Every structure is written in structure tokens, then in C-alpha cells.
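Each chain gets a letter, A, B, C and D, in the order it is written, and its residues are counted from 1.
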């Protein structure tokens, strides 16, 4: 199928490449011309504008950094909604606030286009390996229609309900993750400082009620899990600044929804402190340094 | 074997009873005479004093509410250390601060007694059913020596390292649990308020990185898990005031160890607020009410 | 002088009226026609549009609820910048984020207009009585030029530096105020619960290092200060929802400036909790109820 | 008058010396013999034990580091209560928890001794210069009886109500102070990072509702107040570790009184973090470094 892919950065490029590998005719656009050129070398047909990119497309996929970019690309002058062919189906894989996602979806619907929001988790490694998780908001039928396309780029496809719910699921999951990582950091630091072996303590917690993904799969204490970023200097993984971005979206959504999130808000400020101290590029599990004072 | 059991309250009585059922000769004492009488009806030989209780015992087990009680029972005038027969082995199953546990263990060792700290999780239901988890601090050989006795009262026996480490494991696990429950509450409340079905959201989180024991086994949102206290009005389970007690121990230990626990401390204050609002007897997962304003 | 006044709500109307009382020819506009009519009855010449309102004006003053309103009124189609006569001077008294204020001021400057941001404190009572405090950002000369006009509406005129600094001063002051009120609430609640007379405790604090505006001028404990909202059921004063709005601006500014504000963020969530519990219209000092559980 | 002074450390020695200077016959004791010797060189008659120290005393004053020391010195074996002459009056100037102060006062009363708790603020400089503030709990008559003696050591004598209330006043004041200093740090950091001159911002706040002792008398930003520790590298003043001790007392008291102190608890953890990072000896206003990441 003809797929227009807009946003060819660290995530977008490998996603577009996986679509091309799966046999789709992918045309790409980015406001940064160098990214379009790089994509061209990877077999993505270059387009000089959104209009050119979506011309003749059956699917339009976007992967953009924030709500203003998404609004501009879809609803701005010269955007997708102005130029997409009748009947084209839309997927936005950007992580943005749910309200913005719903607005854009409503605009698309008003013009007769089916649109789903489909933010991902799995990072650049997941994008390269086509093992992303897609959290999808939109009509069940539209989710089904997109299944094959998404399956070319990811492994887990989860339908989360109506438009915007893909965003809701992602930011609420990451809110819990951000707090859970701090909980694990405090627990590990305290147990260790009180004389326990970190591996022994993690082993006990992981079969008990303190267990969480941050303790059993992604432990922030160096040496507890060989596969975790903590055991390789907090490189790779999911960067502190990306977590900070998602916590910002959660805070905005909570403000709009009038839900007090005391722990989430504390987490947001601690990741901010960590980023401001120069650790924004480290994996987010390095937040344990904010408890111990240094890398433990 | 001859077992002296000191502390015959909600937890101690069923534990002593399970020892008796397993064929041990259990003598019991409590500073509240009525509890000794009740125990006597359950087949525990009543003793009028610690001295009488431990006379001739091969094992002494205590299950007491706090550090001062533990210090008094073991090291106070008329206490176990004064009266226990040479060679008797000691188990303290109270949840107290690790430093106090280590002090008492050192005093016992100085008199030639092997002692382990063995706090439990599992609540009164686990005590009744002999399915408690014991987190044990002390020498590996002493842990092994106690294995059969502990197995009469519980199911999971975990050796956590040297003296006091049973306490460390318990309070650090519960610190993580307390925060994780708040994280889950905020995530569930925000996702639901933003329009997601709570069961659908929980399902997604539980296969993703926001997963924790509080989300997949003990979810605080009514109706998500039929087996959780949330689905029966937050009755039963692990009371808010018990969690608050353990958070107090964690806070004390963190202060002594000079570890800043920002999230743990926030959790402590929120459970305090919840208790002060009159909900101390509800299961601790009712902390979700502090996020939603009411039972959701 | 001819003054165009845009935004005739609870604050704008009395401010415009005070300008008229001082002898200025005031023309008013609001997107809500009923507010224009009400203003007309108070001697403000009604205008049907921004274009009509600013036609011939020497000064344009805006008093609007948020950044999007301010951007639209000034820089949107049919806005002030399109229609204001050459040489007209601009004052924005809305409380908005400093970055937005700087953007609008730069657009005004690009068209040759002097503009100051001049958010106020003092509430509707101060607006009625012409006793507002104006915190002004912009060139010193432009501040001096506006002095007479501002003095018709307020009592304290403070120059805070370059464009946007009026907003910075206001939101940072209110950030400190919001936290200080919670500090005072916790101190008063704890001292009282520990057995001190609240007036005696307040008297000691107010001559000691715990002293702050919230303790000595606006004490949240009923009966300590007869003049404070706490002594009249938290009516009047500065509403919780207004404080919440300013904390939102502070949080946004802190995020943009990459400054971690742990206490400010906790305050924001507590005021959110208070508002969500139904107390948004009460004076913000009623936040003490979040410490005591009820009105003390 | 004959005064027994127990506890001759950094605070106790200059206090005892000021009593001697005022013409009292002061006998001193400390469990550290070297401190007794040093005091002897300053004109304090050395005593080898509490018994010897209080023998014949009309007044007994203690200045000790914590509750266990206070309990031991007064109520322990060989303590003041065992040995003080009938009719001797008691003053405890240690900063301890109010409950402990009340217990000791009750024990003294049971033996017929009038006792007041009289913790101080003003630090070692105030102790040297006899300018301390005394916050006094106890009967009004006992406060009056002690007035002359206290006036030899301090300048402000404040009666706070019944026994223990001196402690309550001190720790609740310092709780408010600790939070207020963080509020000021966040406000100063944010305003400065957003482009304001720190002195200009402080000037505005100090005439507005964000004003507090930390902003107008002890500003944490270097250069704002020449007299503040911030302008001399955070040396001198009131050390972070002393503030941390008082926050610990406040946390304990809040736990006992079942008052949730969310902001106080956050403050406690931030000062802990600051101390653990190696800044425990700096003035507590250096907490601003926890906001800015470094000394600003």
C-alpha cells in the first residue's frame, strides 16, 4: 500500500524503513531536509512537502516530537488534512497530550478520515527491530484495519478504546513507571545502606509485594540485572529527558482533568532535577543517583 | 519440642496454635492475662510470667507490637535473657527497627543463644492458615535450625542475611509497596478520569512497564480484580495503620542511615492523612481515596 | 486621554471605571456582549469589536484570563496589533506566562508600540478601591509614561525590569506565598494539636524566624487575626482556584526554565486536591483544611 | 545564687559563663571530662558527677543534645532527680521532643520541684553574646521566677504556656522556617533563571505577600543581603544538621499527634539529601543549592 510517513527522526526513520521492508511503497517527509535525504538512502521515496508526500497515499503515518508539531502537520496550512486523498487512513504515533490527539482525530473525522492515535513504547531499539508496542486509541474497526501496517513496525498491538486513549494509556503507564523506579531506587538504597546485599534484597522483593517492573526487569542498582542499563553505566534504554517529557504530558493531563498527582508531581520534579544536573541523556533508571547522591 | 511463645495477640495466637497443631509443646505468655486464658482454651499451656514461660524451653518465639516491647521482653528485668535455659534458641517475629533487632540479637549472642529475626508478611489470614512469609535475618545455620519450626507457621521462608536483615527486607519491601500503591492509584485515577475503562487500562499496564504488585495482584480500583480488597469495600487485607507503622520504621531507619527517601516520606504523610481522616482500619489500598477524593 | 480597555470581567470592569473616574475617555470591549453592556451603564463607551475599541486610542489596556486569550486579543486576526493607531501605548494587566508576555511585547515593539506587562495583586477589592499593586515589566521609560494611568487604578507601582518581568515577579511571589501558606498551616496545626494556644503560637512565630506574610497578616487559623479570611469562613480574599492558576503558570515557567521546584509542585498538587474537593471558591488560606482534615 | 549547669558543650559553656559573669556561683558537669576542665578555666567550678554538681544548688540547668541524654541526666540512676536538694528549681534548655519534656517535668513535679523547658534560638553567637531567645514552657509563676536567671543568658524571654510548650514553639517555628527557606530558594532561583535581578526580585517580594524571614532577613541568594550567611559562603549561622535534627523532632511530634505534614516532610528529606551530599556543616540557607544544583 502507499504509505506517507511524516517525521523521519530517530524513531520515524526505522519505522518507515520497516514499512518499506514489509513491501509498502513509502514516501517520506520531514521539515529537516537532511533527514529526508538520509531516508531516501534507506529506500524511502523523498517528498519535498506534506502535500507531495500524502498525494495518492492510502495511509498517512506521523511520528513527531510534540503537540504543536502534530497540530501543525495535520491541521496547519499545507497540512495533511488539506491534501490527503479521500479515503486515506491516518495514524499518529507521536506521544502527545490526549486532548490534542482527540482534537486532531475529530478534525480528521469531520473530513471523513479514519484516524487512530498509536503512540509506542520500546525506544529506538524497538523501532529498529520492529518490536515496538503500539497503544492504540480509536474505533475498533479502524484499529483492525491498521493491524497489518502496525504489525510491520511492532510486536504488541493493544487497543485502548476511543480516540486519545492510546495517549492516555501511554502517559499513565509511564507515570506509574516513573514513580515505581523512584520507589525501587529508595528501597534498594535503603536496604543496601542498612546492610543487605542488593541482589539478595532484589530477589526477595521480586517474589513479594514490593515487586514491580523496575525491580524485576530493569533494576536501577548496578550488578543486580546484567541486562539492565544500570549494569552498563545507564547507557541505552529510555532517556531521562524522554521520561521527563512524558511526565510533563501527564502533569498537563492531570491539570486538565483536575486529578491531584502528588507522587507523580514529585517524580516529575526529581527527574527535572536529575536532568538539570546534567544527566538528561542517561537512562531514566539513573534516577537512583538522586537517592544515593552518586552512582551507587 | 518445647516452645515458649510470648505475645498472644491477633498474630501470635494463631501462630502459637499452628505450632501446637504441629505437635510442639507450646507454653504461652502475654502481659494481658485475658489473652493467656484465650490461648489456654486453644491448647497453649498458660504461663504467669516470662520466667515461667521460658523455663525448660528449647525455643522461645516472640510476636510483639514494637521495639520497646521487644527490648523489654528480651532484655528487661524478668525478661527472656535472664531466664531462658542454656542452649535455647530464639526467634523474634515482631516487626521492629533493624537496629533494635541487632541489639537484641547481640545481647542474646553474648549469652550464647542463637537468635534470628523473622518478621512476617501475610496478615492474620496467613497466620491462621500457616501460609505466612518469614523474612529471616541471622546466621545461615540458625536459619536452617529454625526451618522446621517456621514451616509449621508459614509457607515461604527467606533467608535475608545477617541479624536484622529480616527487618530490613520487610520494611524496605513495604516502603516500595506503599509507594507503588500510590503510583497505581494515581495512574488508575488519571486514566479513568481521562476516559479509559479501568479494567482495560489495568490490563495494558499489567503487560507493560507500569506493572507492579499493586496493579496486577491488589489493584486499588473497585471492580478491577474481584479478589482484591478494593472490590469488597477495602475490608480485610493489610490495614492502613499497619502500613503507617511500617512506614514509620522505614523513616526511622532512613534517618539513621542518612538516606533521603522523598517518595517514601510523601507516602508516609499521605497514609497519615488517610488514617487521620478516619480510614486507618481500611485496607491500605484505600489510599486511592486520597487521589480521587472519595471511594472511586 | 483616550483609553481602550479590553476585558471587562470582575477585575477589568472596576479598573476601567477607575480610569473613567480619573477623567480618561474609556472605550470598552469584551467578547461577552453582556459585559460590554454592563460597562456601558458604568460610563464606559461600548465598542462592538477590538477594531472599534482601539480606534483613536492613545492607550490600550487588556485584562484577560489566560495566555491564549492574550495572544488572540493582541496578535490574532482582528486583534489590537492590526488596528491600533500609530503611537498608541500598550499595557497588559493579565496574569500570564512570562514567555507569552515577552512574545506579545516583541510583536508590539516590531510595530513601533511601547508595551508593558503589568499584572496586579489585590483582587477585586483592590480593583474596586484603586489600591492594586502593579508589577511592571518593560522599559523604564515606558513604565514612567504609564505611571499616571496605573496610579488611577492602583497604589503600588513596582518596576521589575525588562518585558515579562512583571509576570515573573507575580508568579514567583505567588509561588512563595502558596508554599508559605502551607508551611504556616502545618506549623499552626501541629502546635495547636500539641497543646499550644493558636494565638500564642502565632505571636511567637511572628517575632521569630518562622514569620511570614501568611502567619502575621493572613493567618489561616480561625480567630488568630480578625481581619483574615480564616475568621470569616474563608470567604472573600484570593480564591483557591486563582492560586491554582498562578501555580500552574509557575510550574510551566519552571519547566521551561528547567528549575526543579519540589515544594512548589507539592503546593500545586495540594491546592489541586483542595479545589477538586470542592473548595476552589474559598480563600486560598483554607488550604489549612488539607492539613487538619476539616476546617479547624 | 548557686547554679548547677549540666552539659558544657558549644552552647552550654558560654551560657554557664554568662551566668557566672552575672554573679552566680556556677558548678558544672559534663560526661566528657575535658569539657569540665575547659569550663573550669572559664570560672565554672568543676564537679565529678551530677550528684556533686547539684549538691546545694538552688537552680539546675541542663543543655544536652537529645531526649535520651535528657532523660538519663534527670531521671536516670545517679541523675538530678535523685540528688537535687529540696526546693531546687529546674530549667532544661535542650531542644527535645515535647512529650519527653513533659514526662521529665511531671517527674520533677512529683518530687516537688518546679521545672520549665526553655529551648533557645540564636546559636553559639547568641549564647556567647547572651542574646539568646528562650521559649519557655511551664507555669507562669515558674517562668517569672526564672526570668532573672534567663536574662543573664538571653535577651528575649517568651512564655509559651504549659510544660513542653517551649519545645512545641521551637520545633513548630523551625518547621515553618525550614519550609520557608525552601520556598524562598525556589522563588529566587526561578525568578533569577527567568531573567530578573535577584536583588530586585527580593525587594519586590519583601513588600509583598511572598515575604518571609528567609526572604527579608536571611536571604539564601548570595549578594542579596550582605549580612546573611549566603553572602559569606554559607558559613556561620544555623547549620543544616541542626535544622535536620529539629525537623526530625517535628516529624516525631507530628507522628505522635497524627498530623500529616507533607511540606515539612519534604523539607526534612531535602535537608537530609543536602546533608548526605556533604553540606551538613553549612548554614541551612545553603539548601538553595538543592534547587540550583550548585551554589548559585
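Note that in this section contacts are C-beta pairs under 8 Å (C-beta built on N, C-alpha and C of every residue); 3 or more make two chains touch, one makes a residue touch a chain.
The shown structure was predicted, so the numbers you read here are calculated from the model rather than taken from an experiment.
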So which chains are sitting against subunit B and subunit C at once? A, D
Chain separated most widely from subunit C, comparing mean CA positions: B
Considering subunit A as a copy of subunit B, what rotation angle in degrees (nearest 5) results from a C-alpha superposition of the former onto the latter? 180
Homomeric contact subunit B-subunit D: same or different residue positions, threshold half: same
Between the Cα centroids of subunit C and subunit D the separation in whole angstrom comes to 39
Could you tell me the distance, in whole angstrom, between the mean C-alpha positions of subunit B and subunit D? 37
In whole angstrom, how far does the Cα centroid of subunit A sit from the Cα centroid of subunit D? 52
What are the residue numbers in subunit D that touch two or more other chains? 254, 258-262, 266, 270, 273, 276
Quick one: in the complex, what on subunit D touches subunit B? 248, 251, 254-255, 258-262, 265-266, 268-270, 272-273, 275-276
For the complex, which residues does subunit B have touching subunit A? 98, 121, 133, 135, 156, 158, 160-162, 164-165, 168-169, 172-177, 179-180, 182-184, 186-191, 193-197, 200-201, 204-205, 207-215, 217-218, 250, 253-254, 257-264, 266-267, 270, 291-292
Using the touch definition up top, name the residues of subunit D that touch subunit A in the complex. 262, 266, 273, 276-277, 293
